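Down below is the structure, laid out as structure tokens.
Per-chain residue numbering starts at 1, and chain names A, B, C and D are given in the order in which the chains are listed.
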């Protein structure tokens, strides 16, 4: 079951600005496709357009090669897991899962067989007669999942299904979800604002911001080749450093004392943003008077995160392996980066990717 | 918001001296609020005592006696008033028309109120206007409604018969045929109830999460399936609430009956409360009216207890 | 917050507006009432329509004529309601000084002992009661003592639409028609109009039920209809009643009868139907005369005496209507004021005006020579029929009203019986049920009030 | 159930048609709901002569309103209703909130018993108690006064119950804090509890006003002159005297009478909706 979006646009009546504009994508069969973006970027709207809950203003939606714009949701042969789980509080777990099958008037034994199977898949067989209010958050999440599974449609839409769970459970469910997707051969479109989920689970990621698609790529692709400053800053923890710099005489000048040479042909005197992932920075802490002063040090166990301030007040995050003995107020010397991106400060687009280049400051 | 009130209270307290503060703190340890309770509860208790509890006991008392023209109890008859009432054909007829009326009113009110609420719960331009209209009958008092409906059902000049005349349909004697008269009072009562019912049910509908319907759409449930399998179960506490309120209200119906049919024709609409009124304030038969009042009280009490018991469990889930 | 402001301001505006309009409209009246300390005579009546207007007119005129009293008429609903209101408010500030109470409540009012018999004032003033029609005043007196002053006196009367009779070539009814006269005419109208016009109706009204018995010379209650003591039993299953009910049911069965139900709405619907030519004959109180004359074309209104049993001379019917009572819970000055107003109402010209406006019979003998009435009779000769009927009636126990309590209850019961009979129920069964029902009520009522005949 | 969305899914063209159908349905329902009112409004502008002829056409005039205001006490009825309803509303909100306060914040012996006593009154219909109540107010010589329509209704178990539910939502911290600061019960009641629950108080007030305004049986039994009759008893009065004489004027009076409550309802609609659900179901 492939899904194709062609120039999808959503505009509400009486509003000038579209909620989504010109969204195109191709989602292959059996693919785990994540839609990521900050809240309000239109990702849930996009999912609902695919589901058929919200009408498409313009553009075309193809399901398995056929235009599906006008299909009723029930005819799109897909299932959906909601952020709120959308469980019916007055029905037992079993009946919740069986709801759609009953609505479609399936024979009783088929319903039972499918629901039992779904229950087993999510390990809820023992809870079949409980009401949702008697379940934990994680269990409710599984019920929602089981309901989608019992549907046996090959496309499953998921709208931030894990966002109401605590961190540990979320990590566990990520793995389970991915396993389930592969086991059942589902095509999953997964909406999330959590880049980690997107990175860990997805085959392809669509990054949405300000009603537009920013980039569609593999998780590694968006990490390694962010098409713009937004994408770069959205992926990776801790967040990428975006340091203002001016190009002067073949160097990017971030600060009086922090200048990097570059071989890119950049515009003389133009403003750029240098994106350096915190773990790519190299520092020397054994200096008396470096180019940055440490503001805060967090020991993360296997790593140490250092927040330092350049002399022109720009802040820089550095992640170092192991436990490093650095104290606040101490001066350090930022020496260079193993790789970095250069973004245009005006249109924020990617200008150049520098990889593995050890550059002297 | 709260802070400002606290400040206000504190400002006032600044004037009070330390000993008062001291006392308040002591009060924390050993609270004896009896004096306050008298002040706060006294007026309400007094009123309820005089106008609710005493009359109930008095009614019960009177129902065990015969009363004279001035409503004074004269001869003790024990439960004879009850036995003669419950074997009186006309009272039983009255009781059965009351039940017909009450059930008719309740069913129609809920069905129509739900229909209005469902249709008003759409996203359409100008829907607010319709919502306002649907709730409007709550602001129409009984005498006004009766006047409107007396005109609608008037045999010669009424809207219905005039329309029937135009369409060459038979003109019905709405107010004088016993069966039709019952229908007219039911229709009028339902109309009056609609606004309130609509408001409650509409409020309940709006509280149902949209995602439940989205999920059902995707799973292939038709709109009617959703109505019966999602909407109604989800709003069942409110449905139950308006149902029982309507039921209790219908048992207490008086105004419309008084204004529209005065219990007639041939006692067809002589509902319980109207009968009480007639027996007491037209026939001067206070002991019989008291006996009927006790029957009414028992009915209402049972309904109310059911209401509390069920709502306590919050109905569906 | 905003919403609250809205509500408060809107309510405020409404209240101010209402107060404003109200006080600007009524400030004059209030001032004049305050400037002179008149004694207020609260007068409860049960007249509607033209009757209510005329009473207001009388009160206004009376208030203008003198400065000592101020009569304030208050409409108190139906006769039935008013009786209990009077009994229930007696002795409180809310009670009236003067009230109107219907014919059949006389027994109850007398027993309740809440009024000052007008005889007291008649004696004080040496008021000439001979001027008042005897049949009317006899109804409201006991042992030679006048309890109350007859005021609005009506006769049950038969009205027929002469235009309809003419249209279908039916002969006019005789002035003293028998049951058969009416049955035949009604059948003829119904048949000839192919059912477009209904022949006859008789409102399911207890008063008519009682009058059928009166006109047959049949007592309804024992103790000579209460003239000899407290009745303990009623008799609805006598031959006279059965005859009358059979007659009504027969007309119903042959399709010439239409039932409008019972109560005030039925009366107004019936009159509307009559006036629009869809109904040939109806029983009505003579008090409808004013309204009917105003609406009908001159010469179209036929009026006859109350129907009599076949082959029997009519015994005469009891009057209907009501009389005026003076409450004994007000001070003597107020009671005197009430009496002064009664006297004013009974003046010949006022009684004449009363008959013209309403159709109630003018009770002052001198009224007949008043220009108002002469003019009325000239234009509407039929308007005289009720007075004639009253005049020819020789009072006896069966046609002078029933002095019994619980007549309101009895009427409810007999009216239901009539409606059941119209709906086809066996006449004897319906009457027997009604009789049993009322007898048990009466027994209980007498017991509860300690009435007994020793 | 969201019908709008279901139809929006069906392409653009069909969408228009079904939208039209929905509006049509809504309009029909709206007409049914306000039909009787519209009919009344319309006839109130017609001369009575056309109405009794069974015609709904004719030249529209304000005559009926002029007649109603000039010849009937309809404005007096309105004034009476306002006086009675406003005092009753204020009284009920005040006394019920005080009683509710006692049940939530005061500790005293027999509190539960008294509370159940209050609840029990909800089972006792006023309609079944009119006879002794009539005798009571008669013995107090209150018949035919404003007081008779106000005093018996100055408190209610329903209102107390509703406010108690609302007061229970007030965080206990607030009470504890005010105890530490030494606020008296009156201060806490006035400065904290009442402002905190103002939505519920307003709902109760609106509800109380409407039910007072709509009170029918009691004013009818206890008032005997136009000086004190409220609109309900008054309209009954007018209707029974005038029915076949002046439909137009009766209708005009009905319209005059219905306008204030409609305004209150429309303005208060929003929290009526939430207040009724909260107060009753939760």
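Operating definition for what follows: contacts are C-beta pairs under 8 Å (C-beta built on N, C-alpha and C of every residue); 3 or more make two chains touch, one makes a residue touch a chain.
As the structure is a computational prediction, the values presented were derived from the model and not from experiment.
S.K.: If you walk from chain to touching chain, how few steps can bring you from subunit A to subunit B?
M.R.: Graph distance in the chain contact network comes out at 1.
S.K.: Contact counts by the stated rule: is the higher one at B-C or B-D?
M.R.: Of B-C and B-D, it is B-D that has more C-beta pairs in contact.
S.K.: Going by average Cα coordinates, which chain is farthest removed from subunit B?
M.R.: Chain A.
S.K.: Where the CA atoms of subunit B average out and where those of subunit C average out, how many Å apart are those spots?
M.R.: Result: the chain centres lie 38 Å from each other.
S.K.: Between subunit A and subunit D, what is the gap in Å from one C-alpha centre to the other?
M.R.: That gives a centre separation of 54 Å.
S.K.: Would you mind pulling out the distance in Å between where the CA atoms of subunit B average out and where those of subunit D do?
M.R.: Inter-chain centre distance comes to 12 Å.
S.K.: I'd like the Å distance between the centres of subunit A and subunit C, where a centre is the mean of that chain's Cα atoms.
M.R.: Each chain reduced to its C-alpha mean, subunit A and subunit C end up 90 Å apart.
S.K.: I need the residues of subunit A touching at least two other chains; which ones are they?
M.R.: Within subunit A, residues 52-53, 72-73 contact more than one other chain.
S.K.: Where in subunit B do residues touch two or more of the other chains?
M.R.: 71, 156, 217, 230, 280-281
S.K.: For subunit D, jot down the residues that touch at least 2 other chains.
M.R.: Residues 5-6, 52, 243, 263-264 of subunit D touch two or more partner chains.
S.K.: Can you check the complex and tell me which residues of subunit C touch subunit D?
M.R.: 3-4, 6-7, 10-11, 14-15, 18-19, 21-22, 25-26, 42, 44, 48-49, 52, 72, 74-78, 85, 88-89, 92-94, 96, 264-265, 268, 271-272
S.K.: Would you pull the subunit C residues touching subunit B in the complex into a rising list?
M.R.: Residues of subunit C touching subunit B: 80-81, 83-85, 87-88, 108, 111-112, 204, 259-266, 269, 272-273, 276, 405-406, 408-409, 412, 416, 419-420, 423, 433, 437, 440-441, 444-445, 447-450.
S.K.: State the interface residues of subunit B toward subunit D in the complex, per the touch definition above.
M.R.: 1-2, 5-6, 8-10, 12-13, 16, 20-21, 23-25, 27-28, 31-34, 36-37, 39-41, 43-45, 47-48, 50-56, 58-59, 62, 71, 115-116, 118-124, 127, 130-152, 156-157, 159, 162, 191, 194-196, 199-200, 202-205, 207, 210, 213, 217, 223, 226-227, 230-231, 237-238, 241, 245, 248, 251-252, 254-255, 258-259, 273, 276-277, 280-281, 286, 289-290, 293-294, 296-297, 300-301, 304-305, 308, 311, 314
S.K.: Can you name the residues of subunit D that touch subunit C in the complex?
M.R.: Touch list, subunit D to subunit C: 52, 69-70, 75-76, 78-79, 82, 86, 134, 138, 141, 143-144, 202, 206, 224-226, 237, 240-245, 260, 263-264, 267-268, 270-271.
S.K.: What residues of subunit D sit close enough to touch subunit B in their complex?
M.R.: For this pair, the touching residues of subunit D are 1-6, 19, 22-23, 25-26, 29-30, 33-34, 36-37, 39-40, 43, 51-54, 56, 95-96, 98-99, 101-102, 106-109, 111, 114, 117-119, 121-133, 135-136, 151-152, 154-155, 157, 160, 174, 177-185, 187-189, 191-192, 195-196, 210, 213-214, 216-217, 220-221, 231-232, 234-236, 239, 243, 247, 250-251, 254, 257-258, 261-266, 269, 272-274, 276-277, 280-281.
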